[in-house]
Each structure stands twice: as structure tokens, then as C-alpha cells.
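Reviewing the structure listed below.
Chain IDs A, B, C and D follow the sequence of writing; residue 1 opens each chain.
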Amino acid sequence: MDLQPILDGIAAKIAPHLSEGRVADYIPALARVEREQFGMAVVTCAGKTAQTGAADTLFSIQSISKAFTLTMALGKIGNDLWNRVGREPSGSAFNSIMQLETEHGIPRNPLINAGAIVVTDVILSHRAERGSRGSGDAGIDAIQEILDFMRLVADDPSIAIDREVAESEAAHGFRNASLANFMRSFGNMENPVERSLRVYFHQCAIAMSCRQLARAGLFLAADGRDPISGRKIVSPSRARRINAIMLTCGHYDASGDFAFKVGLPGKSGVGGGILCIVPDVAAIAVWSPGLNKSGNSHAGTLALEMLARETGWSIF
Amino acid sequence: MDLQPILDGIAAKIAPHLSEGRVADYIPALARVEREQFGMAVVTCAGKTAQTGAADTLFSIQSISKAFTLTMALGKIGNDLWNRVGREPSGSAFNSIMQLETEHGIPRNPLINAGAIVVTDVILSHRAERGSRGSGDAGIDAIQEILDFMRLVADDPSIAIDREVAESEAAHGFRNASLANFMRSFGNMENPVERSLRVYFHQCAIAMSCRQLARAGLFLAADGRDPISGRKIVSPSRARRINAIMLTCGHYDASGDFAFKVGLPGKSGVGGGILCIVPDVAAIAVWSPGLNKSGNSHAGTLALEMLARETGWSIF
Amino acid sequence: MDLQPILDGIAAKIAPHLSEGRVADYIPALARVEREQFGMAVVTCAGKTAQTGAADTLFSIQSISKAFTLTMALGKIGNDLWNRVGREPSGSAFNSIMQLETEHGIPRNPLINAGAIVVTDVILSHRAERGSRGSGDAGIDAIQEILDFMRLVADDPSIAIDREVAESEAAHGFRNASLANFMRSFGNMENPVERSLRVYFHQCAIAMSCRQLARAGLFLAADGRDPISGRKIVSPSRARRINAIMLTCGHYDASGDFAFKVGLPGKSGVGGGILCIVPDVAAIAVWSPGLNKSGNSHAGTLALEMLARETGWSIF
Amino acid sequence: MDLQPILDGIAAKIAPHLSEGRVADYIPALARVEREQFGMAVVTCAGKTAQTGAADTLFSIQSISKAFTLTMALGKIGNDLWNRVGREPSGSAFNSIMQLETEHGIPRNPLINAGAIVVTDVILSHRAERGSRGSGDAGIDAIQEILDFMRLVADDPSIAIDREVAESEAAHGFRNASLANFMRSFGNMENPVERSLRVYFHQCAIAMSCRQLARAGLFLAADGRDPISGRKIVSPSRARRINAIMLTCGHYDASGDFAFKVGLPGKSGVGGGILCIVPDVAAIAVWSPGLNKSGNSHAGTLALEMLARETGWSIF
């Protein structure tokens, strides 16, 4: 299958829709991103890349980071993670606190905010020994470890954190502070809330391009092993399970709709990016900053629907 | 792949677990089913069948019927169905009414009780013209039409309704009557509540064996066309979308867990049956009456985990 | 205190507000009541009556009946009632079902719909032996017993049920049918749901005037004894406790606001009536069909605020 | 009425019940309070005091402070307060966050934690000009102003804050931090969350005896004017309205039960104290550290039931 004409065709068909969504405006650094942008990249398990539009433009990956920190935390404590976070769809908005109350501080899954904050807390508690390279600051070490992991899986040492976004998140992060304090009151946070949140805000502020992001997700399409570098990231069964969680929980309360329309595991971010996995075939990243009312990229979702239809890549 | 030894191996490994679950006891007709039974059948898109254990024993399909009535309703009114029922996981128990209140009488998805009752109401409103063959009773006609559909997709005219179960359901169906009246108060039921419920209780009381059920679901594994009879049931894209809904919503508030562990679209019933779809490969039916605490077959779920692991059939 | 000029003054001040509310329109028989009507009556423990406006016009007492059926049920089974219904404010709308789910079929209090239906179910189960006077129909006997009680406390044998309203309630009572079936599924209804609902719809359809209603409630202001007839209805402590429940729960999710503004125990009905108790002093009934957004009489609430302010009758 | 023998009789009857409750243990400073203590004091509008037991022992007033800060905030911004907090019973536990989500950051009433934190935030925003006496730290000034108010209404300059309790609250205040951050995310907190919480934790840590507390609440029983000093604290209608809120909301999700059994406006604290108002008659304070399952003093509630019964002071 020649992906290039398919991607270019999608870009052409998407163009009229780029003005339909609404850019995230809860922090200034995201609010001023120009809405009418679109990029898409596909990296196949065979190592080929196709891309269209602004596929090399950096954007804030935001919640897409949750798929990667989930991978890291499972590597650190394995199935013990499931004592602290569930793996069921929440049926609620990304920042809902109601279920936390009825379920005693255990978040529904690791891809909603509350769950991802627990995951970050795990990484902080079990961060790698850094020996003489350590900063002496646990938060900085954890941020560095997450960044190192993203650089490793993307095979690109240039990936960096947008510090302005990170600071802006922290300054407006009252809802996340509420979630974290709530879980802390149930004993489901091990580190000081401020420290875990600081790491969380930084992971969300990692800036990547579609090309980098598709490359970074490729191990999830290839049984946990990066098919280009040959590096083993996770076991095959764990990779499939992470994909399963992305399918059922990756788009908050629009996860069912995304599965229905696109039929692929995916994780979206409020920066307008979406990472999609086609098991055994490819990883896809798409980006367009205008969001639909569920907080997922409007044009990005449309583009993935088109791509899934034209390639027959739906897993169903 | 030779499925027969795999199935027989699973049956052997499952045997010690048959006493672990708890048989549904909300109606006498189900409560007296012997717990320690197990059957499994696989029908492949190539037309081959493998089975083990009590795969020819009839059991009450209960909620598994929802996957088939969903197919029928989509055939009748297409996407208009989504005005009356959502397609998101509920994150709640099968008979929860809370979301109905906050979401104004629109059930989350067609595979929880409330949603399935709406689907049945659609079938009743749009039942086929039966001309001189009609019974003169809309409810009976709708029940007959559902039964005819099951016989068609299973290619087996012997399939029947267990009338004792149907009557028992009706006599104890207060929760479902509550759901239906609640939706009626929001205008989301078109027919008299008693009539729609009567049809619903009868569809749940259809008795089938694992072999029949796997055969009946085969069209969902084969792009909507029964690969044995060649009969087209639904379009390829609709078949895939029904599978997507089964994956995200097919096991109530354990749907995420089932996707995580088994990795296949499936629909369970309180009678202990589970239908699973392996897109492009096969349909699987398993049955064991002991239920886990989420109301899904305990041994059946274990068996599907084993089968998915040994065959590599996870869609992820 | 000369009440007559106070009442007349209130009627004059209320006149411009009679067009502000919205008449209940969920059943035709209520929807066609003319909105711009107002009546008010006060009967004191000393046996004096003052009234203004349409105080002799009959209206549908609706939920005000709940205060009287609560009195009856406590007379029949005493504190055992509290095993089946709570006595806490619900913080929710009159017909909410959410709390029923989280609280396993036990309604919050006897003055919301669910709780009042349980109370009616109690009356039905423990209806008086009627011997040869019995109708042979338990529902009819219970309806008659409730009507007899209203005639007794109002000292007026002319009080009757508006059968058109009762039938209209039954024909549109899907939400109440949902509540009753829900409680039945938890074992908190003893009689057939249809029968209890039939009695409930009839008690709501009792037609009374302000004068009759204030007279009927007088025993609650006088330590449980009708100060005019001398008839003892309930014990002093029970009368005070019924008043307490009216204060905390009598106006659904506006109960706190009513206590704040008026400062008297009261029970409102969707027909536009409100009964208020001034312990040791008087009973008040007011009626105006236009409802505010909480479903309580708009002009009636304003009139009670004025009356409480001018008389200093607030219990606080 | 000679109160002394009544109080002494109650103390004798209460003695066997002092071991039945459970001392609050969420902070060490409260957990080590000896359970089997009991004190009670009544101060009448005529200026007489009766007391029994440990009525001069200091205890942490905790949530009882909410009635006083509510009084202060109403004095500062009047009815504008009701734009930021409701006045309906919550039907939920004292620290519930669910309603905050469905009601967009507006707490149900000023006597649950979330509402009281908003009230404290108001006091902080509108704290008195302190001129040269100001500390230069807004939080310290607000704490001082609250303490000054308590000293004023209790007519006792010795009242102080237990700093160990205040610090302990702050160290364990994750749930309150969650509530405050949640409201901040909806714009319903004006000051930095940490600052408002610091003031809140200090107001809860005020230590008073039953005698001081009854004296402090006396203005609420006397139309807003301290009948002993003659000092006007609030208007008569405001005093009555504060009493109304205490009656409907003063005991969290046991408010209805307290109204039912005691029949007086009251506010409880987790330190085991309860303040009760008998309009036009007296203020009562009772203290016993063992709590019932709703978090209110077990022996204190029993003692108030006895007192209300023996005096006939129920407002109903």
C-alpha cells in the first residue's frame, strides 16, 4: 500500500474542516496556538515513514504522554500498578472527581488525569538510581527520566520540554491539584502532591512533532519491540494490553465513539495531537489544534476516520 | 492451527475452576442450573468447527441477545438509532439507572439493559410487515421476528425460546420495568412499556448451545456476511462497528478488564454464556454458569483468556 | 393580632406577582387551571379563621397529601416506618432516582415521591378492617381510608377526589412507576406496584380549598390534637416530629430556602398549594397555581414570606 | 424552670453512654482526647447560666466555628454571599465533593466544609482594615479577626487557638485542599488556596468550653443582640435565618435526624461539641468526644434529646 497519496488526499479533504474546532484555552501558552494547522505521520513496522502537512511542527503532547508513562510505570512495578488504578473506561470527563469519591480514591484508568497522576507518582517513587548524575531533586530526576524515555523510544535526543507550557499548567492546575489532594486523602499518593504534580505538568509539556510521536509509539504496534532499532521496550503481552487500555479509555468519554468510528487504539491530547496504533502494522500521529466538544482534535479525528477507512486498518 | 487440542487442553485446565463462580439466582429458572458445566465452540470463517465439553447443551443466552437485536435495529433504522441510545461505555453496572437521570433518558449504549430495551422498542415499532402471517399481536410478531433472525444467522430452525425463563423474567423484572418507565417518562420509549418489556424478556430467554451461538455470530467475524451460507447480514463497516461496541461495552463495568485480558470483542450473558468475535478469523462461544462478581461467566472468561493467549487472536 | 387586614394586605401586594409562575403542565387536568388565582386561609389553635381571595376554591392538593399519609402510616406501624424510608433531606428533585440506587431502594424521606409511595404501600398493607363495608378491592379500600382521614381532620365530609386528575396522573405516571418498580426490585414495596400507585395517584388527586386544608392541618399546630373538635390525632411528640420533617424535607430541593425565607414547617404540592404549620399558633394554607422553578407555588411562597414577617411567626 | 436539676439528671443518665462513640482520629491532636468526658452548659436570654459536668473544659470547636464565620461573612457582604454558596441541605457527608462537580463549584451550604471554606475566603477578602495594628500578613489578620469575633460574642478575651491542632489540621488537610482547589478551578475562591485553608484550619482549632460556647451563641437566640451585653451582632431577621440554616444543614447528612429527634437549630463539630439555639429562650453547648457514625457527638446528641424533651424546647 502506498501511503503517501492516501495521506495527501486526506490532507486535502481535511483542509475545509480546520476551522471547525476550538483551540484549548485554559492556559495562555496553548490558547495562542494557531488553529488552522494540520500534520500527520505514519511509521510502519517495516520502518517506512509517510507524512503530510505540518508533520514536523512541534506541539504539546499533553495527555498523549500518559500512554508512555503508563508503559514506564508498568516496567517499574508491573501488575502492582493495578492496586492503585483501575483499567475500566470512566464514562466521565477527563477531569471528573465524582468516581474518585465513590471508588475511594482509586482512579478508573491510567489515561484520565487522576490515573495519570498516580502513574507519575509511581515513577517518582521508583525513579531510576542516577548515581552521580542525579540532580539531588527527586522531581527533576523524574522529569529527566520521562524525557529520556521519550527520546529513547522516539530515537531522537532532541526532544525537549516546553518550559513555558509546564509553568503555565502549574499556574492553572487547580483541578489537577484537587484530584491529587483527593487521592492523597485516601492514601493513594506517595509523594508530596506538589512534587508529583510538578512532574506531571512537565510530562504534559513535552513538545514533539507528528513524525517523532509516531516513531515513539511504534513499539506498541510491534509487540513491544522497536522494529527499527530492535530495542525491546515491553513484552508482547504488555504492549497488547496497553493498546487495549488505549482503545477503551484513550479518549475520555468519547472513547466508545472513537472505537466506533476509527476502530484503532489511540490516545489524544488537549494540544490537538492523537497517537494511534495499528497492531502489527504501523503507528500514526496526527495533529490539529482545534478540539471537538469532547476535547479531542476535531480534524485529527476526522483524518483518522478517513485513514482507517481507506486502509482497512480497523482492528474490528 | 489445529484448534481441537487447544480447546481440549483448555477444558482440562478449566475443570478445577468450575466451582468458583456463583450461578445467577434472581429467577428460579436460572438458579437451578447446575454450576459445574462448561462448553466451548469455535466456528472459523473457513467454515470449520471445533468444540469441547458441553458445547451442544442449551442455555439461556440472556444479554448476548443484545448484540443480535442491535444488528436488527441498525438494519431497520440505521444511524437514527444513535439519537435514542449512545455508544459509550457506561462505567456502571448492567442495570444502573443513575446515568439515565443525568443524561435525560438516553442510555449510554445498546448493550446495557436500558439501551437494549430501547433497541427492542425500535424493533417493535419497525417490525416487518407480516401480512396474513401476522399474529395480530405486535409483541408476538416482534418476538417471532427476533427468533427468526436468530435461526437465520445460526442457520438452525430448531432454536427456540424457553418460555419458563421468559415468564420468570417477567415476574421478577422490576428493575427493567423501572428502567423502561424511566425512559418512557423522557419520551424515549415508543410502545407501551409492558409490550416492549415482554419482547425483551423473550429475547433474553432464547436457548442456544455454544455451537449454535458461535455459528450465529460468525457474520460479525466475516465483514457482515455469513461465510458459510454466503448470506449478507450487514455491511462490512457496520459489522466492524458492532464489534467495536462489543469491545468497549460488552461486559458492563468489566468491559475494560475483558479487553485487557482477552483482547476480543465479546458479549456476555447472565446465563453464563459469552460470544467472542475474532475479526476475519472466527466466532467463539463459551458457557459456564458460575458468574464472577461483575456478572460475567467466571470459567468462561478464564477459558477465553487461555484461548486468546494460545492462538494469539487478540486484536491488539 | 387581627389577621384579616394582614391577609388582605398580602393579597393586594401579591396581585402583581400572580402571572410570574408557570402552571404545572405534565397532565392536562392541571395544565388548564387558570394561573392568576390566589387564596389564603389561616385557622388558629383558638379556633378562629381568617381568609382572603379564592380561599374556598377547590384545587388538587397533590403532594400536600404526603404529610397526611405520613401521619396515617406512623399511626399504623409507628417507628417501623423508618426501616423503609429515611428522614433526611434529599438535596435532589422530587422525582430523583439516583439516591435510590446508591441507597439500595430506601428513599431519603417520606415527602419526596419515592418515600410517599412507600408510605402509601404501608397504608395499603395495614388498611383498616372494613368488615361488611369493605369493597372487596384493597386499593379502593385504601383510597377510601385516606379520604376518610382527610374528611376527619378537616371536619368536612364533603371532601372528594377529582377522578379526572387521578386518571390523568395514572396515564402519565411513568416516572412514579419507575420509582415504584425500582423500590420493588429492592424488596421495598409489599403490594403490587400498580395497586400502590393507583392509591398514590388518588391521594394526590384529592381536591380541597385553602380553608379546608388549613383546618385539616390544625392538629399539627396543636400538639397532635384538633383544638376545635378535641379529637386526638397523634401524640404531641409525633406531631412535632412530623413538623420537623416538613421543615427539612417539605419543599424538595428548595426546603432549605423555604426554611431560610419563611421559617415554618410546610408542604407544597404541584397544584400550587402550600400547607404551613405555626406550632402552638395556627395552620396556614395558601394556593396559587403558578410554580417557581423548584415546583413550589411562586405567589404562595411570597405570601408566606410576607405573613411570617408581619406576624413574627418564624419558628427561628 | 430550674435548669440545674435537669442538667444534673441528664449528666447522670448520660454517664453509661460515654463509652459508646468513637473519638475523631484523623489528626493526632484530636485522637488522644480522652473519650469519656461530658459537659453541658445553658445560658438563657435572661442571662442565667446552668452547667453540668466538664462544662469548663476546653475543647476544639472545629466545625461549630462555621456558624460564627457565616455570621461574620454575612456582616461583610450580606446576601451577595449567596452567589457563592447555597443554603440547601446537601444530603451528603461533610467532605463530599460530588455535588461540587455537578453544581459547578458552588457548595450546597455554608456549614459543610466546602461552603465554610468559601465563607473563610470571603472573610479573608473583606477583612477589616487594621491600619497600624495589621500584621502585614493577610492570613494572620483574618485569623485574628475571627478570634476577636469569638472573644466579642463570648465576652471572654481569654479564648485562644490551639496551635498544635491548627498545625495538625494543616498537615492532614488533603481533603479540604482538594475541595478548595476544586472550587478555585471554577473561580469560586478569591485568595490563594493555601492562605484560605490556613485561616480555615485555625478557625477550626479555636478552643472553648461549653460555658464559653453557649455564651457565644446567645445572640442567635436573642434576635441577633447579645441580651447580656446589649451588643447588637446581627439583625433579628438575619439571626433567624442563620438558625434556619443550622437546623436544615448543621449536622451534615444527619441534619434531618437531629431536627426529628431534638428539634432545635444546632451545629456540631468533630471535636465532640454541639451548639444549639432555642430561639427567644437560650443557647446550649454540649460536649463529649465520642462521635456517632455521622460524625456528631454521640452522648451530646442524646443529652440534647433529653433536654429538649424535658424542657419542651423543640421549636416544632
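Please note the rule applied: a residue touches a chain if its C-beta (ideal position, glycine included) is under 8 Å from a C-beta of that chain, and two chains touch if they have at least 3 such contacts.
All figures in this text were calculated on a predicted structure; none of them were measured in a lab.
K.L.:
Centre-to-centre on C-alpha atoms, which chain is most distant from chain B?
P.N.:
D
K.L.:
Determine whether chain A and chain D, two copies of the same sequence, contact each other through the same residue numbers or different ones, counting it as same when over half of the numbers at the interface appear on both sides.
P.N.:
Interface between chain A and chain D is built from largely the same residues.
K.L.:
I'd like the Å distance between the centres of chain A and chain D, where a centre is the mean of that chain's Cα atoms.
P.N.:
Centres of chain A and chain D (C-alpha means) sit 46 Å apart.
K.L.:
Taking the mean of the C-alpha atoms as each chain's centre, how many Å separate chain C from chain D?
P.N.:
Whole-Å distance between the two chain centres: 33.
K.L.:
Based only on mean CA positions, could you tell me how far chain A sits from chain C in angstrom?
P.N.:
Comparing mean C-alpha positions, chain C is 56 Å from chain A.
K.L.:
If a residue has to touch 2 or more other chains to count, which residues of chain A qualify?
P.N.:
102
K.L.:
Under the definition above, what is the set of chain D residues touching chain A in their complex?
P.N.:
Residues in contact with chain A: 96-98, 100-102, 174-175, 177-182, 184-185, 193.
K.L.:
Contact residues on chain C for chain D in the complex?
P.N.:
Going by the criterion above, the answer is residues 86-92, 99, 108-109, 237, 239-241, 243-245, 247-249, 253-257, 259-260, 263, 265, 279, 309, 314-316.
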